[in-house]
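Two complexes follow with chain A in common, the first pairing it with chain B and the second with chain C.
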Partner chain A sequence: MGSVRINDVEVDVDPKSNIIQAAQQAGVEIPYYCWHHDLSVVASCRMCLVEVGEKKPDGTVSMFPKLVPACQTPAKPGTVVITDSDKVKKSREQTLEYLLLNHPLDCSICDQAGECYLQDYTYKFGRAHSRLNEPKVQRLDKYHIGDQIALFTDRCVMCTRCVRFTREISGTSELHVVNRGSVEEIDVFPGHECNNKLAGNVVDLCPVGALCSKDFLYKKRVWWLKSANSVCTGCSTGCSIEVDQNEDKIFRLRPRENPQAQGSFMCDEGRFGWKYVNSEDRLLAPRKGKLGTATPSPATEEKPKSDLDFSDPWPNILNDVNQAIAEAARHDAHKFVAIFSPFMTCEEAYLLASHLKSINSHIRLVLGPVPVVGADDCYPKGPKGESPAPDKVKFTIRAEKCPNRLGVSAILKHFQGEVIEWSTVQSELAAKHLQSALFVGGYPQPVLSNADVQNLSELRLLIVQDILRSKLTDNANFVLASASFAEREGTVVNHAGLAQRCHAAVRPPAEARADGRILMELAGRRGLFHADSLLQEIGAVIPAFAALKEATMGELGVKALS
Partner chain B sequence: MSEAFEPILLRRVGKPNNTSIDTYMADGGYNGLKKALAMQPDEVTQTVIKSNLRGRGGAGFHTGSKWMFLPKGYTGPIYLCINGDESEPGTFNNRVIIEEDPHQVLEGIVIAGYATRATTAYFYLRYEYGRCYRTLQKAIDEMYAKNFLGKNILGSGYSLDIHLHRGACAYICGEETGLIESLEGKRAWPRIKPPFPAIEGAFRRPTIVNNVETLACVTNILDRGPEWFQTIGVPKDPNNPRDAGSYGSKLYCISGHVNKPGLVELPLGITARQLIDQHAGGVWKDRKAKAVVPGGISMGFLSADELDTPLDFNGPGRAGCLGLGTAAVIVIDDHTSMVDVLYNTCRFFAHESCGQCTPCREGTAWSAKILHRIRQGEGTMEDLQKLDDISKTIGTIPGTTICGLADGAAWPIKNALQKFRPEFEEFIRSGRKSEMREVVLAH
Partner chain C sequence: MSEENSKAKKHVTWAEPPQMTLMETLYIPAIAAGIGTTVKRMFGKNETRQYPEVEPEIPPNYRGVHRLNRDDQGRVKCVACFLCQTVCPAKCITIEATATDKTDPNWADRDKYPATFEIDELRCIYCGMCEQACPVDAIELTSIYDLTGLSREEMIFDKEKLLEVFDETTQSGKDPVRTKRGTLGPASEILVDLPDESSSSDHPSS
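Up next, the complex of A and B:
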């Protein structure tokens, strides 16, 4: 740590940080475009110029005559930075005028409007009028630049963040600069569009509305969006994300910077993989009784309630579920399994496990199927698409496609002494050794084989808590319509033992309910579901979660399991 | 200055068989190298330091000091890049010495390589210089055959290979870090400094970049000694301890509106007027000079009143120009409109800006557009204010750009507005259109 003076504020900063970061620490904003802490420094946009000097041993300060890029200048102890002088202000004004010379200023139809650094900086640091009297350079838009991304070429400020991302993070090098001077543009080679699995990040990196997500394009003005901090459930990396919604509709997911989790980025599988939340197949209400027919029609599944029927279907059904469980356990608890999904949060798994064990300690708790696809996919890729050396990995899309295997396993282990794998139950099912099952799903894609579904359907009692309608739910004696990741609150533990908090962004559809709330009622606990209180309880009860007892998880999470 | 100056660098120009190694050696060639190889590398560097040789590529940096920036005791590879990208408008001296006396340059390369302990030399040659390429390739082959290159040169234990690399056809490839990027196979986007090339250059290794003419001077310094070199040119200013003097002879390229354009070699310090009148046959068509570019277009303009400025490393700067640059003198006669001259200049820089830094990319293009409009008879006085703003806000001198191209783009505008402002004002007020043939706007 060393002391640096920014205007009149003295701050202690890590000498490895640059002046932009030091200023941020001092609460002073230095505008910038090309710099990004995860990319190499090019110092080319020249938005961040400041006056810099040095404190001499005798206490006097000598300032350098030239303006200096804050992004490129380390905040060495004794550095003196001035960001509010006329010289700096003039330079910012001039740089913004240059940037806007050929800018189309089509904010009214630009997706970025409202979260655009060109707008914001011009408003804060720019001049009100352009002095350009000549025609602007016009460039063709490139919708073809990627399957998920479009380039509005005119709006580009040539910060080259996108180019550096594909070179340094994804390693796929699709994007590059063509032409020279004021007519240069971002482009791809024909047949080599920007379709790598991390491509969506260039949209977030683009400080202006040049690179846009086709999925989000023209769907919503950003100022109508509200965000909730959450965690991607696409794989066990557990990227910190923000879920942007409006009126209970999700519009996009964006990575939320978290050095402990994934860094600054997320993969496209996760970014665009939330569409099942709005699927037509969502279960909208709890149900008692099998649907019976092999091909059930929607009409038989839900009797639409009349507009005036405000009765709550849940209390009766949950009551019946509890009775059915007790009954089955009395009959033969050894033949009752409860299958826990690795999509459950720790709180949910805890509620269900403790409840079932209190009914009958012989009920077996099982870890449900853990979806694994291929192998871990590491970036940056080499020139031939090869994986990087282990110490060079900057991003990993994991083969394990669920968020909380570790968390759920730790809870099961506590209540059960061991983690019973799904394969054990599978063979018991096939051998017709079982009589009853409670299956918690929440998988975005089906994970059970036809044989599994068939075997489960033949049980005397099948209770299914899930989000999407399937043959399994059709054949269940009870269906508890639950919530997707975006609709519930709780804690998940990623591949590295990092516990992170998801917040509900939207409400579950119709009569479906967040799993935590269902389980609170099922367990007959008083009060509302409250993740923090439950976590303290879990931390007190289960030593593996002791680190969570203080519940100081914040938005970046804490290392809970190792 | 004496007209009878005996050329050194150009002494073999026009001689029969002057590109062959045998002719060169018969004329005393490779003596400098032999002397160098008999010394320790550091002694060679000391010799060059003592000569006070300053780089001929444009910046006039003290050559020996640059070599000293290399990390001491570095054991990995060190590279030497020879800057033969020569694309400053008006400049053609590298071309002539390469075509007429390739071994003089190549000898300097081996000497510099030995002094800097370079393991490989990359000769970055302007692509358009096809004849230079063929001449150099042949000369390099001759050197390998005689063991002036390759392993264990002349039994000294020192080994060096030269790779001849044809450039990527852009002005910016001549900027030393643009050159390095281009050499590595990338876009010639100049790098931010620090680190300077001597610390981290080509392929992330310590690298020295020197101009072709600089290296030709090294050959002669080693052959004749640093004391001899200091007998030529302008000595240090005794009142300025930081002045390194302007020693040696310089190749002056003269072009534009003169009777006898060409290349002459003279001691540093000759005035622009002497150069035009005594060595270029005077201004053509019995006209007068209106403006003179002192050292390539990026250096700005001398006015008719400033023609007695000595063209050494200090003179042009004192007259408000950017510097001596490449000492390529372009004469503009009094029938020529400075509006047209400046337009053409700005057009060049708009075309050549690499586009990395916002101020340079947009400022150069905007200045060309403004001047284009002024030439159409649609200028306003406000335009001069805009041009003035551009000239003051682009470049490494205000600190707003990565490389010096932007300074070179700013200076002609600055000088034109300082020294020829009435002409611009009169042109704008008159509402005339330029009579010069229309050149298509670069952008």
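Up next, the complex of A and C:
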């Protein structure tokens, strides 16, 4: 650590950091466009120019005559930085004036408006009016730049963050700068569009509205979005994300920077993989009784409630579920299995496991099917699409497409000493050894084979807690309509044992309820579902989770399991 | 309680009505004065208006029913920036934006337009802030003051209805388009009367 002076503030900084980072540490804002801590430094936008000097051993300070880019200058001990002099202010104003020369004033229709660095910096550091008398250069928009990305060419400030991202993080190098000078543009080679699995990140990286997500384009002005910190459930990497919603509708997911989890980015599978939350197949209310073999029309399942019907279907059904479980356990507890989904949070798995074990300790707790697709996909890719060397990996899309296998396994292991895999139960089902089952779903895509569904449907008692309607829910004796990842609180443990907290962004649809709430009532516990206090309990009861008891979770998570 | 009452009484000043004089208690002079006023008004200038046969003259800055202006090609001028919906204190505006069809030559110069645009005229408080917020002068309040309807649904004006109001009011000449920012596509024109650079205060160094 070395001491650096930023304006009047003396801070101790890591000598590897640059002046922008040192200034952030000192609480001083230095504006920048092209710099990003995960990308290489090009110092091309000239927005971060500051006055820099050096403290000599005799105590005098000698300033460099020219302004230097803060992103490129290491904050070595003894550096003196001035960011609020007239010289610096003038420079920022002029840089912004050049950036805005040909920038169209179409903030009113630009998706970035509201979270645009050009807007913010112009407001803070720029001029109010343009002095350009000539018409602005207008360029054609490029909607072909990628399946998910549109380029509004004339909004670009040529920071080349997107170009560096595709070269350094995804390794696919689709985006390039073509031409020079005032006709400089971002483009792709014909037929080589930017469709890699990390492509959506260039939209987040773009400091202005040049690269826009086609999925989100014109859907909502950003100042109406409210964010909730959450965790992507697409794979076991467990990327920290923000879920942006308005009026209980999700509009987009964005990566939330978390060096412990994934870094600054997320993959497109996760980014656009939330659409099932608004699926028409969502279960909207709990149900008792099978629907029968004929494919029922949705009208028979969800009878529209009258506006004046405030009756709550849940207490009766949960009561019946409890009785049915008790009866099945009394009959033969060895033939009762509870199948835990790796999409459950730790709190939910704990509630259900402790409840079932308290009814009858012979009930077997099973880890449900763990969806695995292909192999881990590592980035940056080499020139021929080959995976990088293990020490060069900057981002991994994991093959295990569920968020919390480790967490649920640890809880099951605590309650019965071992984790019973799904394949064991599968063969028992096929051999007709089982009588009743409680199946917790929550999978965005169906994971059970037709034979499994058939076998489960033939059981004497089948209780299904799920989010999407399927053949399995149609044939269940009880259906508990639960919530998707965006609708519930809880903790998930990623592939590396990092426990992270998800926060509910929206409310579950209609009569559906968050799993935690269902299980609290099913277990007959007093009070409301409160993830923090449950986590304290889990930490106290389960030694493997002891780390969760001590530490406050925070938004970046805690290393729980190793 | 009683303490409070006595406290309150200290701060209350009781005023008695003034004593009436003898002439006032007779009431006859007051009646005569009243008849006098009636008679005077019978022959004087008529102060009331025969509404609805005679309609009032509405000042040009009156804030009545909204309209959505058309641009010079007859398209809806609104670019769906949502600023009116954002600024609206009564939350009576609901817009859904959509991208234009780029293959349609009529829309080639526009990126975004409102697919739906609804104003709940019952919820609106006619403050005119939408008009002020609009960067492209697409929404304006007209001089239509006598808005009636038979149901709440009827009073939610959609885009077509609001454009209809524009056609009606401009054709009848009652409400000419008030703004002078000229033709406009994507909100990108420059204001004609920019403040004089040399004298402006935001440029101290020159």
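Everything that follows uses one rule, which is that the second predicted complex is superposed on the first by the 560 of 562 C-alpha atoms of A that agree within 3 Å, B and C clash if a C-alpha of one lies under 4 Å from a C-alpha of the other, contacts with A are read in each partner's own complex, and residues count from 1 in each chain.
To be clear about the criterion, contacts are C-beta pairs under 8 Å (C-beta built on N, C-alpha and C of every residue); 3 or more make two chains touch, one makes a residue touch a chain.
All values reported here derive from a predicted model rather than from experimental measurement.
Residue contacts after overlaying the shared chain place A:V42 against chain B, while chain C stays out of touching range. In the superposition on chain A, contact of A:L105 is made with chain C only, not with chain B.
Within the superposed three-chain model, A:T552 lies out of touch with both chain B and chain C [touch as defined at top]. When the shared chain is aligned, chain B comes close enough to touch A:L67, but chain C does not. When the two complexes are overlaid on their common chain A, residue A:H129 makes contact with chain C while staying clear of chain B.
Contacts of A:N450 after superposition: neither chain B nor chain C is touched. With both complexes superposed, B is the one of chain B and chain C in contact with more chain A residues. Once the two complexes are laid over each other on the shared chain, residue contacts for A:S427 go to neither chain B nor chain C. Shared contact residues of chain A with chain B and chain C: 131. Against chain A, in their complex, chain B makes its touches with residues 170, 187, 192, 350-359, 361-366, 369-370, 372-373, 382-383, 386, 389, 393, 396-402, 442-443.
Interface residues of chain A, counted against chain B in their complex, comprise 41-47, 49, 66-69, 72, 91, 94-95, 98-99, 101-102, 131-134, 137, 157-158, 177, 179-184. Contacts from chain A toward chain C in the complex involve residues 90, 104-109, 127-131, 136, 141, 143, 217-219, 221, 223-224.
Taken in their complex, chain C has these residues touching chain A: 79-83, 86, 97-99, 102, 111-112, 135-136, 186-188, 190, 194-195, 197, 200, 202-203, 205.
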